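What follows is chain A paired twice: with chain B in the first complex and chain C in the second.
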Partner chain A sequence: MRLIEVLIRRRSSLNSFRDTHAHQLRELRFILHQLRRSPLSLAGIGIILTLVCLAVFAPYIAPYPGDAFYDMHPDKKLLAPQKGHWLGTDDFGRDMLSRIVFGTRLSLMIGIYVTGLAVMVGVPLGAIAGLSGGRLDEVIMRVTDIFLSFPPLVLAMAISAALGPNLINAIIAISVTWWPWYTRIVRGQTLSLREQPFIEVARALAVSKRRIVFRHLIPNSLAPVTVQASLDVGYAILWTAALSFVGLGAKPPVAEWGLMIAIGRRYLPDSWWYATSPGLAIMITVLGFNLLGDGLRDVLDPRLRR
Partner chain B sequence: MSHNLPTLLQVNNLVKDFPIREGVFRRVAGSLRAVDRVTFSIDEGETLGLVGESGCGKTTVGRAILRLVEPTAGLVIFSGDDLLSLSPREMDERRTNMQVVMQDPISSLDPRMSIKDIVAEPFVAHGRLKGQALRDRVAALLEMVGMAPQHLWRYPHELSGGQRQRINIARAIALSPRFLVLDEPTSALDVSVQAQILNLLADLQRDMKLTYLFISHDLSVIKHVSHRIAIMYLGRVVEIGPVDEVYDNPAHPYTQTLLAAIPAIDLDRKRKRFLISGEMPSALTPPPGCHFHTRCPLVQETCRRVEPAKATIGKEHSASCHLLR
Partner chain C sequence: MLVPVLLGVSVVMFFITHVVPSSPARLIGGPHATEETIRQIESELGLDRPLHLQYGIYIRKVLSGDFGISIHSRNPVIEDLKNYFPATFELTSLAMLITLIIGIPLGVFSATHKDRAADHATRLFSLSGVAMPLFWLGLLLQLLLSSYFKLLPVGGRIDPLVTLLHPIRHMSGLYLIDTLITGNWPAFKSAVLHIILPTTTLVYFLLATLTRMSRSSMLEILRQDYIRNAMADGLPEKTIFYRYALRNALIPTVTIAGLTYGLLLGGDFLVEIIYSWPGLGFYAVGSMASLDFPAIMGVTMLVAVIFVTVNLIVDILYAVLDPRIRYG
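Here is the complex of A and B:
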């Protein structure tokens, strides 16, 4: 009896969720429908879903989970790809496949952290700049110009080196070079939005600036931000790998793709699989996010709609 | 209209200049006077119709009163408060008493918010109501404007034009204001829907004792809703008076031409027929003297040089024209 009651209650709460969010559900279904018609973005989604599965179930998928951490097998050093070690082994005899699978975890996390931090800083700043105009706008936009005028990788290297090279600092360093792009996108959106009557009505209602920014301006400028963010996850992974490659990111024995390439480079061309497999992993990941980003742009850009 | 009601809003010599910026450095090169010493008052419970061609500054008057644009000069007294001398925070406290309904019903509604969130916003923004009480109040407001509760979870783009304007009205009256600026609230709507919205506004005015500033270019709508009307031309009020007086006995040549232009099935009309040609001059280079002299059929030499003073025609009825001296 109790069970049935619980089930009924759950069903009715599901129904009321359907009612109250009918519009969002419809929108979501429309987006999925549009994405389904574009094979390339489907491929992107497929790649990303595969990577997410790899990341989540890494301990079960990797043939030698310990190899991603502190296990070493000096007797199996630098084996070429073969049965049992499909991608070969590295200079400590660790299974490359296992390390790459665990590297997926790290890379996705990095991508999401960097993009998340950049969005959280850049989007509100852009909305505030666009809404207030005047001196505050000038200050915010000139600061973003300063950041944008540096070659971003050089700036990230400098910051990472100054903070002390480790993975967390590399994430922070790249986020610091990244937020200005979001500030610019959102400011542009806000400039056109703030002339909209619904913003003026909100001002007439004495809605606070903060609420105007977070309830009106940001939700209405999210479409281009979503596209940019999905592209950026891929680039953030690439850049963090680059920082690790030059020794300003992850430290051994962390299974990080960029670091694996950096060490594997020393064993080229004889142990070609060492640098090649993490390189391919990075390439496929970045490609996946790029395809998704392009697909989302087509779906979310109203000018291209229907 | 009885005349013993207290004045709710007094506008004296309201001026709004928009700077004109030029060149790379956005230097202020001049200014555009959108509103030129506009003076009028509105009594409690009254509707003042503000009429004029597009571009004459009538919308700017409404926005300047609410300080959605900051007036350049003048005096706005609302219920005893000098609005223009208030700090933004003090002004925000008074905003609950004065609201606006804009011309375009769809762009006045945030496309990402449900109807419930839109109508609830005034309460949430002022931290007035929460939870069930808020939901009840929103449902009650929807009912007041003639909408069913099932619209609560809809989004603006799912409604018709008339329904959208009802939502705009519901939001405007949410905090029980005393004064509404209605900026062409019906001009984007079909004629049949216009009538419904006008009736709704009339009902609300009666029930909630609202005072309206009704801005429109549609003379037949204005005649229907207003107690008194003010005619604007190129930033200035050229004539103001009780609606019947002005319609029966227009004093200013511009008012006469406007009224003559109302399409009407009136085979033996007695009105003098004036026709004016040309466009309203640019507000960037307003003509000297009387602004209307470039198009006035009765233009005289003085009109080109001297700005006409206000002449009293009847009780509460005045116009600015040299011919009335």
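Here is the complex of A and C:
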């Protein structure tokens, strides 16, 4: 009897979730439906899912998991692609395929960290600036102006160099240059939302500013943020690779794609496979996030909806 | 806009470069320097004074055109900047020019042939260009055209042997123009051969962004009523596309082109490093790697000035393109 009761209660709580979130669920179903109709977005989702699988199951997929870390095989130095080493080996005799598979794990983490940090800082600031207006708005927007009026890659490199070049600092440096974009987007959204009746009602009911920002303004301005974030995960990976390439990011022996290209470059033109395969991995990854972002934009941007 | 931005940038950069754990004095002194030597170097550089005083001194010097002495090259930073900037300017301007000439018509073509094979090909091309790591593309081109087919030089700006035999008279600092004016043909040929690969790499990347932008803004314009009206009136397609639609579609395209141009003038780091192109980016990365703080500050200030100036020019261009926009 008790079990049935629990089941019923759970069922009804599920139902109530469905009822209260009916609108959001309908919206989600609509987005999925639209995405399914665009082959390019599907390709993007396919690429990203494959990469996630590679990242999660890296130890099982990589033929030589140890090669992504400290293993060395001096006898197998710089072997061309062949059976057993499908993408060849590097200057320490490590299997390139294994290192690239583990690099996927690292790259996805980098992409998510950078974008996550930028969103966490940029979004609340944008909502606060848009809602409060006046002095605070002015100050926040002038600070973003300074950041935006400056080539971001130069800034990221300078910060990374100054903090001491390593992967963590590269991630911090790139995030520092990216949050203003989110502040801009969310502020613009907030300015138009602010005039909407439901915000006015919330204010009239003396709902706290904090609650308005986090429960009403931010959730309602998430669509453009989602589009930007899905594109940015790809670009974050690209930028970190670029920083690592010029020596301002990951340090050996980390299996980071940009770093692998930088080291592989020394063995060009003879060991061509060393620098080429990580580059291809970067390109496919960024392409995947780009396709997804473009697809999401087409779905979420009401101006393009038909 | 220029003054507050420069002040802001200088504060941010000064803060970053001076509150870091790595000390420039220790770097100059070398690994075996005693505490005493380091303290002496610090007091020579003024690093032992309070931070806001250091900043005040720096700004006063900058205003009189003194960016300090580069720790790495031991030259005044301003001299270094004068030497390195023309190379970047030459490369970026050439690449931008080619991109505009190819990219805008390509975007228009893609938009007017929407959802046909040519459009898909163009879109795929521009997507691949956005996703491809610039430094990797450079390496591939180098591998293929310099190492494998031996058609073009691997890097550098000009063959040093050629400049030895046919010295270049430095006027503008732009090798292509200097050699052309003075009729120094061997040097001109060498300069052209050296600039092909870096330009191609940059153009590929720029084309991707620009074609995408001009395609989407063109598509948006083509949906407007006045275009449909012009179509219904039976005006020739060419007139509609190029005289009515393109002019309006150009505004967002010019914005992106201007922004990117400003960004790249600040140093197309990756391309310059791969091709050992002695430009601003090359200089900046060198100074960052050796924690050469006066040089880093100088480069970033110059980059900020360029960026803001280019943005200003873009704003003025708006008014030229769209007479409805008026300033002042």
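Basically, the second predicted complex is superposed on the first by the 280 of 306 C-alpha atoms of A that agree within 3 Å, B and C clash if a C-alpha of one lies under 4 Å from a C-alpha of the other, contacts with A are read in each partner's own complex, and residues count from 1 in each chain.
Here is the rule we go by: a residue touches a chain if its C-beta (ideal position, glycine included) is under 8 Å from a C-beta of that chain, and two chains touch if they have at least 3 such contacts.
Here the structure is a predicted model, which means the values were calculated and not measured.
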**Message:** Based on the shared chain A superposition, would you classify chain B and chain C as clashing or fitting together?
**Reply:** fit
**Message:** Contact-wise, after the overlay, does A:150 reach chain B, chain C, both or neither (first, second, both, neither)?
**Reply:** second
**Asked** When the two structures are overlaid on chain A, which partner does A:234 contact: first (chain B), second (chain C), both, or neither?
**Response** second
**Prompt:** Just chain B (first), just chain C (second), both, or neither: which does A:205 touch?
**Reply:** first
**Prompt:** Touching A:276 in the superposition: chain B (first), chain C (second), both, neither?
**Reply:** second
**Request:** Answer with first, second, both or neither: which of chain B and chain C does A:290 touch in the superposed model?
**Result:** second
**Request:** Please determine whether it is chain B or chain C that touches the greater number of chain A residues.
**Result:** C
**Request:** After the superposition, just quote the angle formed at chain A by chain B and chain C, using C-alpha centres and rounding to the nearest 10°.
**Result:** 100
**Request:** Check the superposed model and tell me the shortest C-alpha distance between chain B and chain C, rounded to whole Å.
**Result:** 8
**Request:** State the interface residues of chain A toward chain C in the complex, per the touch definition above.
**Result:** 142-143, 145-146, 149-151, 153-155, 157-159, 161-164, 234, 238, 241-242, 245-248, 258, 261, 265, 268-269, 272, 275-276, 279, 282-284, 286-287, 290-291
**Fill in**
chain B partner, complex, touching residues on chain A are 19-20, 22-23, 196-198, 200-208, 211, 215-216, 219-220
**Fill in**
Per the touch rule above, chain C residues touching chain A in the complex are 1, 4-5, 8-9, 12-13, 16-17, 20-22, 127-128, 130-136, 139-140, 142-143, 147-148, 262-263, 266-267, 269-270, 273, 284-285, 288-289, 291, 296, 299-300, 303-304, 307-308, 311
**Interfacial residue positions of chain B with respect to chain A in the complex** = 63, 66, 68, 92-93, 95-96, 98-100, 102-104, 107-114, 121-122, 124-126, 153-155, 158, 168, 171, 175
